[in-house]
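Listed after this line are the structures, all set down as structure tokens.
Both complexes shown next keep chain A, but they swap its partner, so chain B is in the first and chain C is in the second.
Up next is the complex of A and B:
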């Protein structure tokens, strides 16, 4: 096959650099992928495939970094959104969709008694922290080292625009180490508002780690004993592990939980849900945004949640993810290569086991992109409900060629 | 004369006002990132090589409430250290005083010890003047390709060495530095270099000229002109990465963290 070229992507990027800082800011910056061997700009999509501005088509395993869960331009979700758009989306007041969606989510997610909606994951993780602080009247936030909870100042890592006071009351402990968490709670006795965690550890540039047996139970106990809120950042995992939230999948009970990516199949929506005990505090935190009431997005979310259930999307993605993981591991082994694949099958992360500098992975990923498959070199991947066995088989064919190239270049 | 670095570093824990921090970080950069480059200059520049070959002396810079460095010149070779004895000791009553001198203002050190080595001091002054020329070049200087290449190498060495100081002392960079993991980052300019390597080991950053085998991260700059623009702070590094003017490979997380440290250096060293 002819390898893909990215001339129009590059030309558009040159234009972008003149008017947009960095050309493409944030996590989709080419600097974080394989610049020059990866598309920069998308044009259209359908199902598990999309086209870039050069007309190259890809089988996608990034799903717009998670939000596309049923598939690009899913007809059922888009039709629901279109119907709402015809009626209108933003008004002086919320629409009935906000009540319907809150009711739907409260019924769907065990233990939760209320829901509020926003736009992005950062909106709701930061809101949840504020609710925890209001409820407890305390300052400290405990989070996992290397965890990502968004772009707000409290949870960033010292990069541009921050001052030390932004994270003065944020303290980190190691994933799966409840003893460290307990130590921090002891050190800041009476001042810890919340412990915020993801359902599994999913750092960029690193293996994903599932919760050790008893980890969440220990955190729950620490929180109960200390009057501390347990906040689940389920932005990445939500509705890809279980339709009832990742705490249902792993069997623990948070006080507040946050969703975003897979909630509305690409429509811009996020949600924070909480137990009844936190409802009073939630109502006292002023939380709003110009577009938080957008009814089109809520209509899309309602349709998306229905379709995820109707299509058995989670078990299907689990099966496709398992097929992908096993296929990649087998192909690599057949070529004498070692890969380490971590995380749940619906959100896998792969690296070459015998390297720490990602060069094999960057080569693998770049070659895959040039052959029509998007497999990010440093970030976890996302399964999409639209993936079918034929897509996985085609992906594995491409992967085998890429493994061959890696083997030839690096020798193992 | 005994001058232990620890004595001079005693105030690190007492940094308070932002202005104090700024002066201290800048002073550390001047002594630990800029000044040791006279030793690199002796490797790169023929005139400097000739001067250094005649020197067999250790010269210390000691700042009250601030950093201490001793430069050892051993007839063409040498090194920098943060503790220990020196033949000549130049004292500065404050970080601000030191910084003013490096900024070209009228601020001179107080010779505490070894003034009788005035010939070595004269030689050292010649070296430091030459270094200043390389680090703050005129347009005429930069028209010479050889000069430009040395300017780039010395500037990269200064910038990367200064990363250690922001990582240690700059409050915001400290947050980034806590997440730094061990590895080597090789900066290369074109095929012919210069090449400069920064190493992170147990949280401490060190720099050296040249390449290393199998670096953790490679940052390849398009050419000398581009490197000069980068050093002058005229480059949007994210845009440059996408355009191919900077080619990144390897552990990009390490590159990203170093980029944040590098950005902070420019706030202290102009």
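Up next is the complex of A and C:
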């Protein structure tokens, strides 16, 4: 089989650089991948596969960084969206879809009494934090060191355009260390509005870490004792661990929870849900956008949630992800390579355990891409409900070849 | 003709209140209109008309608060979007649409060398401010008193969930008062990153004010002398004053400019454009979202911009808006009523000049809605390219009846 080439991707990237800062901004930037070993522009998709602008086809394990949960161009979701599009999407008022989707999600997610819809993950994590501040009339946000909650000013530092005041009331503690959280609450006594967490730790460029037994229970107790909101950022995990929210999967009770990626199979939607106690505060935070009422995205979400349930998507993705994780671990071991695979089976992360510079991993990942499989070198992956055993087997065949190359080049 | 009733809207609103804080959050909230005199939920639309959930049909002058610029469900834009949807929208990489749209907009908007795409107006106004901060390595944002730049923390105060630190480096000066701007620049010498303005002043609940002669030239000079970025928030005005940006219409030169509403006829897209001098800073601000790469919205924007040009939409809307403004003024005068109509013909604002409590205006607007015409009581209106003379004539017939009611009830 001839290895893939990316000539059209590279030519288009040159054009892009002339009119777009960096050519490809944000998380899909080729700076995050292996220059010359990856496609830069996509053209079309179906199920768990997509084609790039050079016509190369891939079995995908990135799912557009999460949103594609049923599969690219799922016919049922697209038909529901098209039906709504025929009637219309954006008006001077919301449509009945907003009420139906809020009712659907409140029924689906335990503990939650209301829902609000927006367009980005950052929209809803920022809204949740503001609802917590409004409810508590306090300033401090406690978050996990290295966690990602989006691109609004409060939730990142170290990148361009920010000023220290943007995050002066944001304080971080180590994942799985409730004692550190309690210490911060004590240090800022009476001024902590919320603790915001992801359901498992998924830092960039690092192993994923599941919650230690008792970690969420400890945070819940700290929040209850201090009158603090426990906010779940389920943007990445939502609907890939459980249909009922990742707090149902890990057995804890947040006050507010945020969804985005897998909510509508790629249609532009995010949601914040909260308990009844926070409904008053939620109504006092002014939260809107030109497109927040769009009905097509909500119709897509309604169909997507139905189909995820009907197809048993979460257990199926768990099975396929387990097959992938085990297969990769076995193949690597058979070649005397050390790989560390972490995180839940539906959102796995792999690295070579004996390196910190990602050179083996980049080689592995780049060789896989040139053979038609997308396995990101330093971001967690996402299973897709359309993955079947045959796709996993093909993927493992390619992975074995890539392990062989790594072994040959790096010796172990 | 029987007046419209809103029974299904009200019943749906009751359902909504159970699962959505306030029932209808944000700018489409019925709190902004006349309780019981307006529809609360929309069902379908075509051209310049839409139907609510009770089956009532309206000639619309709100355009979903701006985005619907060609018309509801424009067949050309929807067909372009559907073709892209067939291939797919969201992938691990952008599509060629991102490059084509950036090239298209850079060619369209004078002075701009690059474009970046996002999902909300707030996304791009906040990004522009951060690009200015990054470029200048300064903190201060100067804005116009009463201007609206979105819902991120820096651009609003007085609503729930905010803390004073959110806007401690944001300072306001009066519209059309460049001397005040210069004074603020002097007061914060060496620390002003940008001056952000709308192309004309469109405060909530107030008359719109066009730029005074020399105002933008003065701001440009102040910015040039101080090494300050001049940021244009063209979210509301863009593509309704000129196809080349509202700075082309008013004849000034911003460093960064932001589009949203009319860019894609209701598809979820916003854009920030900038001059080449700001391209380096733009690439250093981390700006992304799960859906930022979506190709369907970009395909819709490409078709929308083409159709706006082909149909001569801006001059047509200017003519229809002028006919509406003149007709309303004449009808009011004929009944001895005092109305003040302000702003550009394509984005008009009307109030009764002899009241400050909006009671006449709410009555006028509510009666118009019950007769099938949407004229918001205290937000500016938006012309739609689908408006034809017959629509304006029908609107004026309804308006005359509503003026008669106001005259009878309020005496003048």
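The rule is simple: the second predicted complex is superposed on the first by the 412 of 412 C-alpha atoms of A that agree within 3 Å, B and C clash if a C-alpha of one lies under 4 Å from a C-alpha of the other, contacts with A are read in each partner's own complex, and residues count from 1 in each chain.
As a working rule, a contact is a pair of C-beta atoms (placed from the backbone, for glycine too) under 8 Å apart; a residue touches a chain by one contact, two chains touch by 3 or more.
As the structure is a prediction and not an experimental result, all values here were calculated from the model.
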item	value
Touched partner set for A:35, first chain B, second chain C, both or neither	first
Partner chain(s) touched by A:266 [first = chain B, second = chain C, both, neither]	second
First (chain B), second (chain C), both or neither touched by A:160	both
Which of chain B and chain C A:390 touches, first, second, both or neither	neither
Dominant contact partner of chain A by residue count, chain C or chain B	C
First, second, both or neither for A:205, with chain B first and chain C second	first
Chain B versus chain C as contact partner of A:358, first or second or both or neither	first
First, second, both or neither for A:2, with chain B first and chain C second	neither
Chain A residues contacted in one complex by chain B, in the other by chain C	21-22, 24-25, 40, 159-160, 162-163
Interface residues, chain A side, partner chain B - complex	10, 13-14, 17, 21-25, 29-32, 35-36, 40, 146, 157-160, 162-164, 167, 204-205, 356-359, 362, 378
Contacting residues of chain C [partner chain A, same complex]	9, 12, 15-16, 19-22, 24-28, 39-46, 50, 52-53, 60, 62, 64-68, 72-73, 78, 81-82, 85-96, 98-99, 102-103, 106, 113-116, 119-123, 126-127, 129-131, 133-134, 139, 150-154, 156, 159-163, 165, 168-169, 235, 260-261, 266, 268, 270, 279-294, 297, 374
Touching residues on chain B, where the partner in the complex is chain A	171-176, 179, 183, 214-217, 236-239, 241-244, 247-253, 256, 260, 263
